[in-house]
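In the part that follows, the structures are each spelled out as structure tokens.
Here come two complexes built around chain A, the first alongside chain B, the second alongside chain C.
Take a look at the complex of A and B:
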């Protein structure tokens, strides 16, 4: 097990390094450059251009730029945003917390609710509730998340006026202490609901099909033949075996959410990394973009390593 | 009373919306204490269905079981869930076809057996369970080490032994082995059969062995029941039935196995296929494939004919057990 964990961690680090390098190259291959954005459309003063290029180090060959960037990144210095003129590291730390708050809350809620629904549906296969759950799962699974977010805003904010539609806190009415937490929770309801509704069907279907499959395994028939109670068989043997695919899907889905939440953050004006990333892409803000990608790849790698370790504790067969 | 299990007019029917499949039809069978009965037949003849029905492991939603199965004074067909629970594994244990999958892959073997042990002895101490399990593991020639291993760390033959050990946890009176050695190579199969026979001498257990391999029955059983399309064709002592098969189907089945000794003969099979079991058939179920079938065979179900403790269901024999027509001595030609 120790060897396995070490290997997974090492693989994670390697992944981050590779992603880091590929990002560095891809961003610079894309057309457009940040200098033009700073200088503006009509201004094409060669002296200013050279000065700016020198300031940000774009005059050096790409390999040198890469070496410098890698060296700085290792010490935690991700450079200075070309557009905002602020330290990238500070900008990201400020915004990564809301993103992770949103993503983790949604992912954990979705995995719990979806799996419970799947368990119920599998136990009562063919019942009315199973049919309703499965039908709803199809509908929500085929909905684009950002559209669902907009519809929720229309229903709960515009028409019913129950919930705030944007931001993380009420800027006009600053709260402290417990009220602050409550304020954040109220603001989280809609974006979290959107993500949860879109994620539930995945966990629902995985849990249901996996439980049904395990229920038909030979060892379950053997356990039934021993006279063991159905409850014990389900809680101890079926669940433990059926939960394995859910763990895998949780890892994949969480990684997808961390990077894919940008659109939802935009819909709800959530002050996370998503909106920062979208502006950075539009304005070719290389340092910011690189920084966000780096943090995201680290988050994804950490999630993957954790999921792999959790999986290995559940399934002895893959501890190689 | 020496009788352990008596099955009377036992039928199993699979039902779904559009049709019924008569998998086992009105079978009668008696098993005495200490017997080892081999049930043989081709695939789809209802051997496993019979076993699963006796164990009441078929989904109740889409199966109908009728008839009686008296097992030490209780009718297995009528038992409610609670009575069933008490009988399971205490009196009636089973080893399944695919023992490779007979254990949960994510739990250690020892604790799984502990759980099974605790089903009927919930207050057993850890030492008591451990000594019982290690005793059983030794009985099937496995080391104690197996206790802490996961199923994927064992070979197929070892898992088979574990399954057999598990089936013996509570000293069952009747042990059903459903193709328990089919997936193994012949060498391992031979070893395990030897062990089973030896075990039976020490533990007082009666065994039903379901297989399509007659040699398994010959090596490990004293009685044989030949099954075809959900009905018994012939039941009797192995030495009688294998040497002198009475029923044309048994003859056909035996002539499809090569013999180790004697003249090299061309193997013959039985032409035709299993009948469609969703259609109820008049007369003897084997008649359409039987070369000696008469008009009577096609119209009337044969009754069991007793011949020195052996029974055969065939119109070729009179109720006294003699051939009705000497010319019709059962033969099998291609």
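Take a look at the complex of A and C:
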């Protein structure tokens, strides 16, 4: 087990380094640069451009820029945002809490609801409810999340007037204490619902198909032959085996969700890392982008290692 | 069993994150406000880059800093120059000295008086720093003199009255010397994060990605603002912002997409007001390109563009066709007689035939011309309609649509294009003509060069007499209409959607208050 974990961790570190390097190159290959953003849309003054390029070190060769950036990143210094003149690390920490709040709530709700639905549908395969669940899963799975979000805003905010349409807190009346928490929860309802609706189908289908698959295995037939109760067979033997893919999917989607909800965050004006990333892309804010990508690749790598380890605990065959 | 433990851990982690998320910010928000407070919420598209209004030109900060700081002069909703800190000004007879007389009751937010020394400090600092936006414009300034506390004299190297109008545009806000002059650069100065200005509102709080709150400056020299709080709420998505306005969650949304105009006009709680800008959409020819160097071809292209159709189909008629070579909105300077050609396919073909162009097998006189367009603002749609009518006239155009940054790199930095489409401010003064089409200037992407045009625009800048200036600039536009280095397509205009309960919003203040200023805004 120890060797297995070491190998996984090493692979994770290597992945992060490779991704870091590729990101550095790709970001700079994209046409446009942060200088144009700083200079403003209506301006092209060559003297100003040269002065700014010198100031931010873009006149140095790319390899030197890379060496400087790598050295700083290794010491935990992600640099200063060119656009906002603020430490990248501080900007990301400020924005990551709202994102985690949104993403974790949605992911946990989706995995629970989706898996339960999948279990029910697998147990009653071919029933009316199974048909409805499966049909709904297809519809929501193929729906663009940002569009669904906007439709929910129109229905629940504009037409019914029940929920706020944007942001994390009420701008007109600032709340404190318990009211503040309540305010955040009210603002979370629509974005979380959007994410949950889009995520449920994934867990639903995984749970349903893997339960069905395990149910048809020989050892289940044997267990049935021993006369063991169906309930015990399902809870103890089928579910334990069938839940493995769900864990993998949960881990992977959790890692991607940190930036994958960028469009949802933009639609709901949610102040998270996803919308920060989109803005940074549009403004070509290299340090901020690199910082976000680094955090993202670290979180993907960490979650992957964790998933592997959890998997290995559940299923000892994997270690060997 | 193990599974239950995992679920338990996950649930605990979830609640601890909620707790962290809430405890982190709840302490900052201070006392609860009562609902009767007049809080005006303005939609903002993104985070401001800095609260120092003079280091960079930033559209997201522009609306905010106009309420915290003052300039010498400012633009009103009709994009004309009106007094700000300067109550009046005069130009010397030789045009080499511009004297501003400052209001004597202006104070900084910390109570110190605003003096001419602050003005001198601000512009001297900009002049020393090449990376600041207004730096190169100050090349024309020889020295700034302060004969007394409320008089500033700009001594110029060459006469240029358009300098006054530029002082009312980006990055010319007067900063307090006693706060900033501490040896740190403006970018790194803590005062750039918690600004102290002289404007109608004081900075209160900035939450990255959420909002910017301002509170009224009770001692404002032009009277205490009527609002209790002014909030700029960051909503990146246009459709969400529209819904938020309909729900009453925000009060002001400048420039709503033209596709939503009819729906919002029908809503009784929303007041729609047309806001026009001297920033026409136009196509610019690269005159370094051999094919396009031929004025006949340019004329044929200009004649084969159906501006009426574009205005109706793409902009719902909100942005109207523009024929004048200088925005017709600035009516004293626009030449409405010598203009770009009217749409006429037969005429376009005739121009080409007369110039000796021959039809190929497919009926095209010219092919392989590219048009670079960036995404958004309806530009790709506009380009597609143009492509269709140009094809009818036998001119083959190929569209190249890219994201704005990529377009900017290609067109403005590398100058690698044949025809490009762009917008951009042509005010506040017709001197902008020289900045866009003068020989060798930075924003002259098509590299147009006509010594006669340069001479006329130079004359126009050198005199303070508006009638004379109009005459010079109208003559310059006659040259542009002949040479057609660019073709104006449609004007730039958009509806400001405001909560109907409020009066004296920025759009109502032509001649009275600034374009994005909320000093007099009040509930009806």
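By definition in this document, the second predicted complex is superposed on the first by the 309 of 320 C-alpha atoms of A that agree within 3 Å, B and C clash if a C-alpha of one lies under 4 Å from a C-alpha of the other, contacts with A are read in each partner's own complex, and residues count from 1 in each chain.
Criterion: a residue touches a chain if its C-beta (ideal position, glycine included) is under 8 Å from a C-beta of that chain, and two chains touch if they have at least 3 such contacts.
On a predicted model such as this, the values are computed, not experimentally measured, just so you know.
Aligning the two structures on chain A places chain B and chain C side by side, free of any clash.
Of the two partner chains placed around the shared chain by superposition, chain B is the only one that A:232 touches, whereas chain C remains out of contact. In the superposition on chain A, contact is made by A:223 with chain B only, not with chain C. In the superposition on chain A, contact of A:315 is made with chain B only, not with chain C.
Judged by the touch definition given at the top, the superposed model places A:291 against neither chain B nor chain C. When chain A is checked against chain B and against chain C, the one touching more of its residues turns out to be C. In the superposition on chain A, no contact is made by A:12 with either chain B or chain C.
Of note, the Cα-centre angle with chain A at its vertex and chain B and chain C at its ends comes out at 150 degrees, rounded to the nearest 10. Look at A:241: by the touch rule set out above, it reaches chain B but stays clear of chain C.
Between chain B and chain C, the smallest C-alpha to C-alpha distance in the superposed model amounts to 13 Å.
Where the contact sets of chain A with chain B and with chain C meet, they give residues 240, 314. Note for the complex: chain B touches chain A at residues 55, 57, 84-90, 93-94, 96-98, 101-108, 115-116, 119-120, 150, 152, 163, 166.
By the touch rule above, chain C contacts chain A in their complex via residues 2-3, 6, 10-11, 13-14, 17-18, 20-22, 24-26, 29-33, 35, 39, 41, 46-47, 49-50, 56-59, 130-131, 133, 135-136, 170, 187-188, 192, 207-211, 231, 233-237, 239-241, 243-244, 246-247, 249-250, 402-406, 408-410, 412-413, 424-425, 442-443, 445. Across the complex, chain A meets chain B through its residues 217-219, 221-229, 232, 236-237, 240-241, 244, 314-317. Remark: chain A residues 30-33, 36-49, 51-52, 55, 83-85, 91, 94-95, 97-98, 100-101, 104-105, 108, 150, 153-154, 157-158, 161, 164-169, 171-177, 179-181, 184, 240, 243, 266-269, 271-272, 275-276, 278-279, 282, 284, 310, 313-314 touch chain C in the complex.
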